[in-house]
Each structure stands twice: as structure tokens, then as C-alpha cells.
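Residue numbering begins at 1 within each chain, and the chains themselves are lettered A, B, C, D and E in the order written.
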């Protein structure tokens, strides 16, 4: 690789990073400004104040919310990974009648606007007695057409020979799934895991609906609680809360990213 | 021990052309059965049908006397070495080898034991903790082999398992596999394109051509009595020399006027034949021999032996194979002789004629 | 072992069928958790939505009067619904190709073997860690005509203030831009994963052949990446049809319904105006519209996909 | 009925009052403080405030759970939800307790009472109330040669001041004279201050409203004003986001604008210049009628135990005491529903500091109790507001004010028609 | 035409152990250079370093006299056949073959032309429109080969390009590749584990063992004068027979008491040697020959020839290779004789001793 190309590439990478990161950095900077400064439209805080953070934590039980979000997100993540990978496996490695119809049916669920399903679901959850519990917050999200689709696409790239080899050696399908398919799909599983975690983490309307209790509420509700409608929002505080809220997810992303290394498939078969 | 029978089996991938045509063969329990044929003739396809990885388009497959057309692969109780290895990239060599052994109710310790044995035999001991991508091509192939070996399944299918190994290791593996197969009484179906493997390992072998079985039999039988020109030229390296000739009583007339005289008359029914001679039967003529003179067009000195290509006719080149290293030059004209009994005759359509020249001098070939 | 031949052949069909049944059962078993959950939490509400779309409902969303397809007829004549449909389609057209294209560019850059590339990968995927709500708030700030940073930067170049979210002509584009930014991280991550799954020996071979970067991109990378591209396109398409959060925060469907995409319109009708019948009818229309698009995408898109 | 299953007592033997509210940010902090004090002083009752999102979100949820065991005891709803709540049939009018106890409502601000009295009955307990005011930048006034103590009271004064306040630099306007948030409430107020009605049947107070009449002369005046000023380049379109509007003012992009009285204090605190507060301007030659109350009130659920209702009533009364109201007013900027609160020390001290606050109270006090200032009563208010917002937005696109207004009225009519079918 | 020079090249994958040690070799322009060695010895690694696909840990690579350590692969102007084919799964055979040709400024028509030629030569004409996954193993390999052939690059690297082909096709390909290489004057680096390929195709070959070069030279030189026991036993099939022996004047004393008498005295400096004899030099003794009697432990009749394994000592088995099909039985005791000039002597450490027995009868091997 010649030097010029490398240089150009780095230049491009840096420019793109700046563009991509700017909003986050901007939010970060705002979180250190006091109210007046924010509304006057500064970019760089004149003096860095931690007051916003103090206020954010003091206004709502942010720590408890954070913990709840963690628990809920983790449960949903685990649930989605399990349910989706099972289904995707069936769609790729089991050849049965009606499979394609079922698959399309699954995909079709992605097309249903969640907003339209929310009220009936709320009633269902209420009937099940799952209000104010982690069950109500998590179980409805376990089945995820998107996850099934994502994993199916990845499973499809696993060489068929591996499946054949397993079949010949008499290994059961489940074991093949567990010992071969899942490890080989680490990248996609991590991607999906991160995705599930983040989307759950970022849910607002549903948790608001099914909870009435600060002990199970999640952090996005807390975020909303800091913004007021009629009177001026204290943006500094909100941004501080935004930072507090996105920090764990960004961290998770950084860690997950590390594991999304070079594909494992190299030299898979021959 | 399990018998494998294929009865009038056809296979088509696209529903149009058949890749396998009317294959019927019965592989005996404990037999070492070798499939050979040119690349693309359908060898892997047959193995995959036996393994249950491809459906059988029509016909019947019986394993141990039971119809197995629809049996899932895992129920067929067999092991297989894939042509492209099919190693699990994320498992270590050891895990790859023992993968699936638990289904056979084999204790952890026994698994370990078998794995070590196989690794030892295949020179993989140092690599047990490696991942496939850190291995060389030959090492990967050996892992695939080890995986099949450790299962001790009564039927074993191997698709060119030694193609990436060097001669020495290959020779060793040949005998190891053969011994293991004998010891365990495994029924083996083995695909190879290596003549030596086919000849030394097979109890019986089948020659396949464009999906059609050409001949089934013991290696030497096939070697000595090929049933058609395809088999004749396919078995034996270098291949048998073939040429069309007219028969005039005891005279073989080749194109462009070369003639060879036989001491026997051929049956008068035979007028146009394809003549076949193996390269090792074309000798340098000693003074006094019946001989013909031919121009040398190529010489390959292999160390052990020398291959001399000469012009039989303007358009046809034959090869002679002589032991040792000969200092023959291209363009030289050499006197050659062919033992009359070495001639094989084929019909124009390729089928062998049921006629051979009786040997009057008890052949030296049948020593002792 | 010595069963007669005739028996064997007669048993063939039942065995095949039995095996097929068994496989089907096994398949169903793997799918069961998904199917149950889908039925309860998606199919049932959807059916109920379809049912409600044929009724006038009271404020609690209970059907009171069967009106047949009147809701639909009204919608299809209603200028503001048609505006919503138009906004939705435009929005999809703005966001999907652009996000996939941008993310692809980023992924291609981030797939190079360079020092510190891991850092850039993390940067590029970082927007995935941002909730729609949080990002929208930030973008709202940036778009603000009086204090927003974008206009400040533009004014440096002598460009006068742009009413990003207030001008009906550009509001949708502004929302689209912020959406593209929000989508980038995720799309990037998926595409990068797809890129890394391509057998490196294929690249090696191309390197030896000496083909140009662009040729390799066109002839090797993109075709081999096509399953992933297909996936992200389909998913982005569907998600884009259902965009809600950023609209709610940035424009509330305004100005003059320019950004009132169907999902937002559904939300307003159901949760603010309590017209569940009309909202349901819109949901049904949206559902079938996306269904058709997705179907076409599968039918014509997946044909160009090369699975290994 | 299922609702009786609601445990009216918690394990400490206290009567539990579940209080759903939509107060976020600093408001919630204050609200929680007040609730805390109440709980301390009322050992047998425990009020649990639960944030339920925006008014809309909370209402949606209330809608779904109303009548089940998950119903809250007290529910906070915005003013435009009044009719909707009444129609839902899931609430208990507080009039019942007023009658039982002979509670004296004359101590309340009459304009507030006015709004929440429907068919002679008080349905809900007013809680957080606000009105619109004109807010202006005094420094900018000085700069433009205007008297900062004489804010514009009529449309022509407003236009004149705005012209002077508009500053141009090159081709760019750096400061605009005036702005109104694209929010239906401001239109309603500008209508009411002239005595204009929103819907027929006396603003829906004399029976179900069936027709929108805001496209009257009064309404047109408002729209004309906006259109004219916008054309002149003295009016700034801030969109429909409150925060954008605040930002525009604080960054001196706009010199005058309309805001809610509840936001005044924060604006004063954060502005880097001196802030003036004044009454809503009226068209020239039109008599000022006053403003409609905005904000929200507290509703009591129906299907709950007597004991809980009593406890809830107790809490509502507590909220209405002058001390609590004083605190509420000072800390949030909302009105005190009980004017006696304005005599409290803390209010006096606060007014000392922020004399602007008093302006807002005065404006309300001077309001005449007529149907126009009583506010419209329709169940499709939120929807109608969306239509008006759209009409306001269309003005900036050059649509004729009359046409815009008529369309909004027609759309509101259709919504009314559908709603009346139910 | 381009020269390739490797100067003190080392390669390590993990930064710890070296996979290639101190490799120095200069491959002449237009030379056909063959790399052989056991599986995992580093052959592919060397090719990949020449191609620029692996970095060189230390040492220097010169191509056409120019340092190429850091040259990108595309600048090296070479073509390569990968051991695992590296076919593009989404392209047809034809597209695979012509892939990248446009960079060489070759017209569409010429591309088509070359592709058809190569396909013809490799028997792929019928498959030009197929995708790789529809091909058999051998067919895939041929596509990979065709892709390298059509480029006509001045340097060509091939990694076991014929390993999945049958003998007949392989023989054909051997000569085709050789002719093409000659005709175009390509510098070829060719990895194979097939002795015949190595012997017939190579101008020079290098034998590699655990990353260390053992011997470089013309095939026959190496065959006849292996520089150590590794080379001796690696080249030639079956491998050279080796055994340790004590030297007592003209007597070779093997373990367990077997002795062989030579007609010559060995230099007295030599006391302990490893004796090597190629299998073809062990003949059945004619009456009157000097002979020893040995027990036959295995017989492999290959058709053309017969391999007889016999007990030299209790623990050591030697192999004799006789032309034709011999009917020898296991357990039989046969009289054997070894031509004295056929003995090779190695030092105990494996290095060849610079001593050979002069032939007193002008060897029949050097006929004409």
C-alpha cells in the first residue's frame, strides 16, 4: 500500500469520524454548560460545570433506573438471542414444508408498526398480571423478526459441508446448532446482542405504559422526566443525563466491537 | 459389518441430465471398495448418495440389507472424509477429531485415547491445540482423516483423503488405513485418482466414466483384462498405448503404412481393431529380435524409470517405459520390439474383444 | 435383514413421509417460542387492528359502529393522509439508499488493515449506542435556527439562515439527514461484519491479478457482500417506513404535515385524537404497503444475492 | 366491579392515593416536595406521585386502565382534556365533596373556577394554571429607542415596535421583532382576548359544540397580524417547539414573543438581558376581554373505594391551601388557584425580586368572566389544535389567512362530527 | 522473463518459531522450479511470500533484480494457483478465468480467445457457464489453473495445481503446462508432492524439510546424488531403503548379524555408515549371483510392477521393486542380490559421504 493512499485513507477516516462523532461530542460539551450559556448557543463551555450531573442524579433516581435498564436490557438480549437463533436455525438447516411461508410470516411481523400493537399488548400484559414487573417489560420483545432475519442471513453463509459432516458423524441437530452454528456466528450474535441491548435500553413508551413504579422503571423515562413542556427545559441537565444514559451503551458497544474481529470463517473448509 | 447395495441408481442435479446412470453395485461387508474415474465423473456424488447427503433420483440404496434411500445420514452409521475436508474452523484439531464421538457413547477417556492414537498415526500430535486455519493443506486433510478414523463406524467413505500428502506419508497412510480397515472390519468406499492407491488398497474397484460404471473387479483383473479402451487407458501409468489398425491375416496395419507382424493369425471375423499395448511391454530390441524402428519425440527420465515417447504413426505417439535412467535423445531412431502376447484387442466401439494371443513361451511375468 | 423386497419398497413412502413429518415437527419445535410470542404480541394485535379498522370506535378504542371500508375510503380521499403517504415514501427514498450507501463507504474504509482501525470502527458504530430520543434532542439543538451549530457554520460561508425544521420544503430532508446519521452506526456494523466474513484468499487472488480497487469492489466485494446488503436494505426499508421517534421530537409531523409520516399520523390519531378506527385503517394500509415493498424486495432483490 | 379489588390500604394501614401526573423537570421536584409534606402531615394517607409522561401519554394510559384495578386515584389532565374526561364517564366530579363539606370555592381564583365549571358542576380540582403573556427584551427596546416600560398593547403598537426592533445586517436579519409559537393555545388566547368564540353553543358550554367558529372576524385578525408581520419581515417563525422559542429569545434572535406565564421565571433567570413581561396585545379598537386559563387540573377516578376518594379529596384540598399554593407559585411560576396565597410572605419576597410575575397575575385578575374567556369545551381539542397549527404554518407559505383559517375550521368540524357520532 | 532471488529469508507466523529458516535460492528467468517437501514444511508459505501475500520476517526477496519485499502483489506481475483454489463463488467459470485480464490491457476478444483455449486444454468447455459450487473438486482445480494460465504473466506460482486430477488428465496437464511455460518463457515456481511431476517438469527442484532447504539441483542429480538421508528417502517411490551398518573392511555388518560383502574396500575412515539402496536395485538373484536370502513380509502387485517388502533385519524392512506382476507369497524366503554400485553411503548424521563405488562393468544403465 503506498503512502499516499494510506494518508488519504486516514484523512478520510478522520473526517468521517469528526462528522459522525460531532453530535455526541456536542452533547457532551453542552452537558457542562449552565442554562443561560446553552440557550445562547455556545459550542464550547466557558467554564466546565459539573452541576448538571449533580442535578441529573438528584432529580430522578437515575442509578436505580440505570440498574433496571441494565436488567431489562440483559434479559431481553438473552431472550432475543435464544429465541431468534433457534428460529433462524430452523429456517436455514431444517428443510420442511411450509418453511418459507413461516419465514415470510416472521418477516411480516417486522412490518407491523409497534405503535399499532401497543394498546392490545398493554391489555394482554395487564391480563397476564405482568404490569410493574420485569416480565411485562421483557417477554413481549423476545421474538424479534429482525433478529431471526439477521441470523438467518449469517447462518446461510456457513458452508453446507459442515452441516453434512455433522450429520454424517451422527451429531444431533441441536448439538450442531449449539457447538458449531452458534460459535461460528459469534459476530452476528454479538451484533444482534448489542442491537437488542441498545434498543431495549432506548425504549420509552412501552416501559412507561407497563410500569407505575420507580422500582422497575427504566432510564429513558428518567430522561423524559427531566424535560419539561411548558417551561424551559434545563438543557445542560438533560444533556448530562443523556451522557449518563448513553455512556453505558457506548461502553458496551466498544467492548462488543472488540469481539467483532476478523471473521472466523477463514480456512473453514478447504 | 455392513453391506452396501446400489440398485439401478440414477442421479440428476438439475432434473435434466443424469450425472449417474444406472449404477448397480453391491459392496460386500468388510470390503475395501475403490471408486476411480476421471475428474467430474460422479465419484463424490456416489459417496454423497451413500452418505445420505444427496437424494437418490431413482433406484434403490440398501445398507445392511435395509432400504436406506430415506434414512437420515446420522442413522446410517458411517463416517466420511470430505474432499474439501469440512473442518470446523473454530474448533481445535483435537475437538475437530473427537467431535461427534459422544453420540457413539464413548467415554471421555476413550475419546481422548482414540484421538491421540489417530493423531500419532497421522503426525498431528504437535498440532492438537491448533485451529484449522493455522495448518497447511496436508495437515488439514490429515485432521479430516483422523476424524473419520476415530469413529470406528462400520462403514467409512473417503473422498480423495490423501491427495494433498507427500509420497512418503501417503505410502504410510495407505498401509495404515488398509490395516485399520482390516482390523476393524470396516466396509470402505474410497475415492481416489491415484493408481497406486487404487491398486494396492482395493479389494475391488469400480471404474466410472461420465456417470456410467465401466468395470468392477479386483484391481489386477482390471489391469490385465480391461473391458474396454476407456478402462485400459485409464488404469496404468503411463496409460496403455492404443491405436486403430486394420487386420490382414497376421498383419496389423496402422495408419500411414506401419505394419506389425504377429506369429498368430487373428480370427477372420476381426478386420478392424483397436490395438492396445502397455508401455512396459515395449522394449528396446536386442539384436535378432523382430523389431520396428521409430523416432523418439520425447524422453522423461524419472530416476527409477525412463519414459520414451515415440512416433507410431505420424499422428500417433506411443510411450515406452523402461527401468532405470536411459540416455536417449529426442529425434533419435530406436529399434523397438513388442512381445506379441502383450497385445490387447478392442472393437472399434471400444469393447474388448474376447481374444488374446496364447503365450507360447511361458511368460517370465509369472515367475515362480 | 431378510424382509422381502416388495415390503421394503412399499415401506419407502411411509418412511419418507414419516421423516418429513418428523422434520416438520422438529422445525416447529425450534420455531415454537417465536411463533407463540409473535401470535400473542404481534398477530393478535394486528388482527384486532384490522378488525377495528372496520369500525368507528369510542374514546377507549372499543368498536361502536360497523362502518365497513368507510374508514379506508375516507383516508384515500383525505388530502392529509395522501400527504402522509407521500411524506412516508419520500422519507424512505431519502433515507434508505443514503444510509446504506454511506454505511457501506464507512465499512469499506474501516475494513482496511490499518493501524488504529479498531478505533475508527468504534467511532463509526457509536451512533448505534445513541437512542433515537437522545440523538433527536441533539439534532434539534443543532438544527435550531437561532442557536444551532449548523446555521452558525453555514453563516461562516455567508449562507443565510436556513429554517431546517420549519420550512416545509426542507423539513423532511432535515429529518432524513438526522435519521441517516442515527442509522449509520448500525448499518455500518452489520456491513462490516459481512465484509469480514469474506474469505481472504479471494482478495489475495484479486491482489495478484492486480485489478484496481474499484474493479475488485464491483466484482468481488459487492457480490460477496450482497446477502448482507440485501439484509440491511430490507431492514432499513422496513424501519424507515416506521420512523417515529425523531419525527415526534423534531417536528411533530409539521410544518404543514410535511413530515407527518404515516406512523406518526397513526400515533396522533390513536393517542391524541382517539380515532382508533382511522388509526387502525392507516395501520392496515401501512402494513400492506410495506408488505408489498418487502415482497418485491425479496422477489427481485434476493435474486441478485449470492449466497455462498 | 373489578375496581373494588384495588387495595385501598397499604401494609402500613395507610390509605394509598395513587397520583398520576405529567410534571417533569423542576416541576416534578417541587410536586414531590409538596406531596412529601402532605404525607408527613397526614399520617393515615400516603400519596404516591407517579410520573406518566406527557399529558397525552398519561391520558392514553388512563384511558386503557380506567375501570380496572390499575386505575390511579388522582389523575392530572391538561385543560383541553376536560371535556374528554367528563365524557369518558370514568371520573368522579369533585363537586360531590364540595357539596358534602360545603367547601368554600369562593376563595379560588374566579377565572380558574370558571374554566372548570361545566354545567354548573366542578368536575376537577384546578391545580397548575397558566396564561399567556408577552415577553420582551428590555435592552433591545432601549437600543431601538423604545420605552422599555411601555410595551405594545395593541396590534399597531406591536407592529410598530417590531419594525423598530427588527435589525438587519447585510441581507440577513439578525433580530426579529416578534414571534408566536405555532401552538393552538396562543391562537385561542388571542381569540379570547378579543371576545371571540372558538366553537358554537357558547364555546360548547351550553351543550355539545357542533361547529367551529374561530374563523370569525376575530380569528382572522390574528391570522392577518401574523401574515402581515411575516411579510414585513418583522415576524420570526420559531416552529412549534417551546425550547426553540426560548432559545430564539435568549439568543436575541427575537425581541418580543408570547409565552406561558409558567415559564417567565426561568426566562428571566437565564436571559443575559433585562426581561419585560406584559399583557397580550389586542387589535386596535377592540376591548380587552382577558385570557383563558391554561394548564391542568386534578381528576378523581370513579371506581375506587370511598376511603380512597376521601383521602384524595383531602390531598386536593391540601394543594389548594394558600401556603401550598404560594410555594407552588413561587417555585414554578404557575398561578395560585387561591389568591390568598399572593399575600403569603414568600410570594411577596418573590415578587420583589421578579416584579414581572405580578403582571401575569394582574392580567388574569382583570379577565372578564364571559364564555370566550371561559374557554372552549370540546372533546377533540387536541385534534383541532393540530389543524390550527397547520393553518398557522401555512401562513408562512403564503396561504391566504382566510383560506387557512377556513380549512382549519372545516377540519375541526369533521372531527366534531365524528366525535359526536360516538 | 524474471528472476526470483530469495536471500537469507526467514518467516515466522507468530513471532516465535520460524516456519522458514535461512532460505537462499535464486530462480533463473524462464526456469521451471519445483518445491517439494513433506506436508507442512513451508512450501505454500514460500509461494505466498513470493506473491507478496505474506510478509517476509527477515531477509530479502528480489524479483527481476529489484527488491520486492514491500512491493504489493499486483506490482509483482505474477499469477498464482492457490492450494484451495480461491474461486469466486458468484462468478461463472468463464468469469473466474478471465477475472482481472482487463488490467493487462487485453481486448475482450483476446480474453475470450484465451479463456476458450485454456478451457479446451483443461476440458472445461462444457462448464464455462457453471458456478464453482456446481463443479467437482477436480473441475474447480482446473478452473484455478486456467485462471493462472490465461494471464501469461512472466512469473507463475502454482500450489499443488494437479492434486485432484486423475492420472491421465494429470499426465496431459503436466506436458501442457511444461510446454506453455517453455513457449512463453515463464518463470515457474511449482509446489507439488507428486514425484513424477517433480521429476518430469522441473528444471531444478528444491527439497524442503521443516522450513530448511535440503538440496537444490536438477531432478536427476538429486535422485542420483541425494545430499542426505532425508532427500534420499523423500525422492523416489518407494523411497530409498536405508539401514545403519558397521563397516569392516569390505564387509557391511547390519544389526542382528546380517552381513553383505562388497568387492571393494571402503576407506578405513568410514566405520559406521547408513547404507542406502533404491528398491529397483534389489533384484531377484539369478543362479550364481552373490545373494542373500530374506523373508517376504508384504507384496503389493501394482500391475506394472510389484513391490516386495522383505525383512533385512528383524526390525528393518526393505522394499524391492520389480517390473511386472510377480506371484510372490508373504512368508516366502527369496534370494536377493544388490548391484554393488547401487549402494549409497551416508554419515550417521545423515550427510552423504563423498564416496561411491566405481562401477567396473560399464553400467547397463548408461545405454547408448
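Operating definition for what follows: contacts are C-beta pairs under 8 Å (C-beta built on N, C-alpha and C of every residue); 3 or more make two chains touch, one makes a residue touch a chain.
These figures come from a predicted structure and were not determined experimentally.
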Steps needed, at fewest, to go from chain A to chain D via touching chains: 1
Chain pair that, of all pairs, has the most C-beta pairs in contact: A-C
Of all other chains, the one whose Cα centre sits farthest from chain E: D
Whole-Å gap separating chain C and chain D, where each centre is the average of the chain's CA atoms: 39
Chain D and chain E, separation of their C-alpha mean positions in angstrom: 93
Separation of chain B from chain E, taking each centre as the mean of its C-alpha atoms, in whole Å: 21
Where chain A and chain E are represented by their mean Cα positions, the distance between them in whole Å: 56
Of all residues in chain C, the ones touching two or more other chains: 61, 144, 146-147, 199, 308
Junction residues of chain D - those touching two or more other chains: 57, 60, 64, 243, 247, 250-251
Multi-partner residues of chain E (at least 2 other chains): 72, 84
Residues of chain D touching chain C in the complex: 56-57, 60, 63-64, 66, 84, 87-88, 171-172, 182, 237-241, 243-244, 247-248, 250-251, 253-254, 379-380, 382-383, 386, 389-390, 393-394, 396-397, 415, 418, 421-422
Complex contacts: residues of chain D adjacent to chain A: 18, 20, 22-29, 50-55, 57, 60-61, 64-65, 68, 70, 72, 130, 242-243, 246-247, 250-251, 260, 262-263, 265-267, 269-272, 295, 332-333
Chain E - residues contacting chain C, complex: 51-53, 72-80, 82, 84, 86, 88-91, 99-100, 102-104, 147, 151
Complex contact set, residues of chain C against chain E: 199, 201-202, 204-212, 215, 219-220, 223-224, 226, 306, 308
Sites on chain E touched by chain B in the complex: 13, 36-40, 43-44, 83-84, 134-139, 141-142, 159-160, 163-171, 175, 193-196, 199-200, 219-220, 223-224, 233-239, 278, 280, 284, 300-305, 307, 321, 323-328, 364-368
